[in-house]
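Next come two complexes, and both contain subunit A; in the first it sits with subunit B, in the second with subunit C.
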Partner chain A sequence: MSRDEGMEVSSVFLLDNQSGSMVDAELWDAITEKNLADWEADWIPQVFDMMKALKQKGVERSLWPQSRHWHWSDKVRAVEERLSNQCFSIVCDDVTQAMMITDLTRRAQLEGQKNNHLVYIDFLETAPWNRAGLIGQPSKYSGAGSILIRAAIELSKLEGFCGRIGLHSLPQSNDFYAKAGMIDLGVDVNYQNLRYFEMTPEQADEFVIKGES
Partner chain B sequence: MAKKTMTLNLTDAEMRVLEMLCEQKQMSKTLLLRQALRLYQRVEERLEAGGKLFIEDESTKEKSEIMML
Partner chain C sequence: MKINVTKTWCKKMAGLEAFAEVGAGLLAIDPILNDGEPVSGKPEHFGDETRFALQRFVGLSRRSMNLSVEKLAERADIDLSELITLETDVHHLPEPRTLYQLAQVFNVSQSKLMELSGLTQPKDVHYLEEAVRYAARSESIAKLTAEEQAALDGLISVLSEK
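Entry: the complex of A and B
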């Protein structure tokens, strides 16, 4: 695997849905050239194949993968010199399985923790083969999204933000974040009408305990 | 990531403000100063790109510009 020098690597596990067993994976606290190469060479072609299949099935465009316009190379370039943004990736089988960019300069909106610092998840996406349901196929690996949420919580604790995290969700991911225990603060008219979700320190602790049990 | 240690010289008044902010934010001095550096970098980035920094009153929507050095 092509790791960057100075990058922290943690051991994590993903569920291989075909075998039903847990497999070794790595959580990197960076998005490297290797990750971006995987995105370009492996993710993008599969997203295109997915869109072709959805089009053939007559599925309307609003139901196609809603993150399909995300250009990870541009997003990473935009933040690489910033102290305020921390990137993460998950690698398994020598292929990138998910990526995330966080922002440490946002404030909480939820009453009770309003204006406190939090880790805001700018972008979180799993590899197209890890997304179940869109064209009726099972996902290859499960758990990557939860590992990245956990990473955001740990970063929040490390930076003194007590586990508080927040994000705007694409409609296709609303259920995932609600099930993760985040509070839905409703549609944000100032942010592309996406729903805004936030997690309190108590909910963060519950999420971590749930993940460990 | 490897970290480096530095000595910071502050006046009594600066130290009082730092301690007050640490108390308010429930953060250590190190974490608070790291957060301040992040924010400073972001603000500078926006200002250098030609932006202006405003504070908006949530209720009145009145905006006041913050002068930056």
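Entry: the complex of A and C
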């Protein structure tokens, strides 16, 4: 695997949905050129194929997952510009399975922890083959999202933010964050109407404990 | 930064995550497909009748399996509120994943459920008419009557892969 020097690597595991077994994976505390190359070479073509399949199936465009006006080149450039923030990626089978970019400058909005520092998840995306809802087929691997949320919680604790995290959820992910124990603060009209979720220190502890019980 | 997570933790959380999609932030929003004409407007068949057939099929199938709404939601791993809405609100447009999960539980074709719901265009409208006819024969009572069972059998026959 092509790792950057100085990058920290943690051992993690993903669920292989076909075999039902746990497979070795790595959590990198960076998004490297390799991750971006995987994105362009593997992710983009597959999302493109999925969209074509949706179109061929006659699914209305308004119902396509996250269908918005966006260009790949703008998206890649925007990610590159944000690489100064704390980033994470999960690699398995020598391919990037998920990526996350966090921002440590944001403040909490939830009553009770308002204006306290938190780790804001600026960007979190899993590889298209790990997104079952997109084409209605089981995903290849499960668990990457939870590991990245855990990483954000641990970063928050490391920074002295006590596990507080916040994010704007994609529409198809709202249930996941609600089940993860995050509080839904409603639609944010400044973020293309994505819903804003926040996690308190207590909820962060519960999230960690949930996997151990 | 390194984190310490055990295989047990990853396994448990992966199980809870199941097939949920996890994404956040404006950058995670996918672009639209720009080649060719966009799919626009509602399909011709799109209407409350076929949605009603879907609604009745789910309700009858659930009852024939002796499942409460809550139990079915649990078994299909879908949101209880989504299932309640699906069974009670004929105008509700269900999520593709919900139909996928229900198709697995009821052992019928996901694509046909998608067509019934109006999410996709049907290749063959004949079975849709049949499904609506079977659904219209059913009444909502606690136990399935012989007529309801016959209606359900009919729905299953037109919604199965065969």
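Note that the second predicted complex is superposed on the first by the 193 of 213 C-alpha atoms of A that agree within 3 Å, B and C clash if a C-alpha of one lies under 4 Å from a C-alpha of the other, contacts with A are read in each partner's own complex, and residues count from 1 in each chain.
Please note the rule applied: a contact is a pair of C-beta atoms (placed from the backbone, for glycine too) under 8 Å apart; a residue touches a chain by one contact, two chains touch by 3 or more.
None of these values were measured; they are calculated from a predicted model.
**Q** Identify which of subunit B and subunit C touches the larger number of residues of subunit A.
**A** The larger set of subunit A residues in touch belongs to C.
**Q** Can A:116 be said to touch subunit B (first), subunit C (second), both, or neither?
**A** first
**Q** Looking at A:126 after the superposition, I want to know if it touches subunit B, subunit C, both of them or none. Which is it: first, second, both, neither?
**A** Once the two structures are laid over each other on A, A:126 reaches subunit C alone.
**Q** With the two structures laid over each other on chain A, which partner does A:8 touch: subunit B (first), subunit C (second), both, or neither?
**A** A:8: touches subunit B and subunit C.
**Q** Which partner does A:163 reach: the first (subunit B), the second (subunit C), both, or neither?
**A** Neither: A:163 stays clear of subunit B and subunit C.
**Q** Touching A:201 in the superposition: subunit B (first), subunit C (second), both, neither?
**A** So A:201 meets neither subunit B nor subunit C here.
**Q** Thinking of the overlay built on chain A, is A:52 touched by subunit B (first), by subunit C (second), by both, or by neither?
**A** In the superposition, A:52 touches subunit C alone.
**Q** Find the residues of subunit A that appear in the contact set with subunit B and again in the contact set with subunit C.
**A** After superposing on chain A, subunit A residues 8, 29, 82 contact both subunit B and subunit C.
**Q** State the interface residues of subunit B toward subunit A in the complex, per the touch definition above.
**A** Within the complex, subunit B touches subunit A at residues 1-2, 25-28, 31-32, 34-35, 37-39, 41-42, 45.
**Q** Inside the complex, what are the residues of subunit A that reach subunit B?
**A** For subunit A paired with subunit B, touching residues are 6, 8, 29, 82-84, 104-105, 116-117, 159-160, 162.
**Q** Can you name the residues of subunit C that touch subunit A in the complex?
**A** 1-33, 35-36, 38-43, 79, 93, 95-97, 99-100, 110-111, 114, 119-121
**Q** How about subunit A: which of its residues touch subunit C in the complex?
**A** Contacts found on subunit A: 8-10, 12-15, 17, 22, 27, 29, 47-48, 51-52, 55, 57-61, 63-72, 75, 78-79, 82, 86, 98, 101, 121-126, 131-134, 136-139, 142-151, 154-155, 158, 167-170, 172-173, 175-176, 179, 191-192, 194, 208, 210-213.
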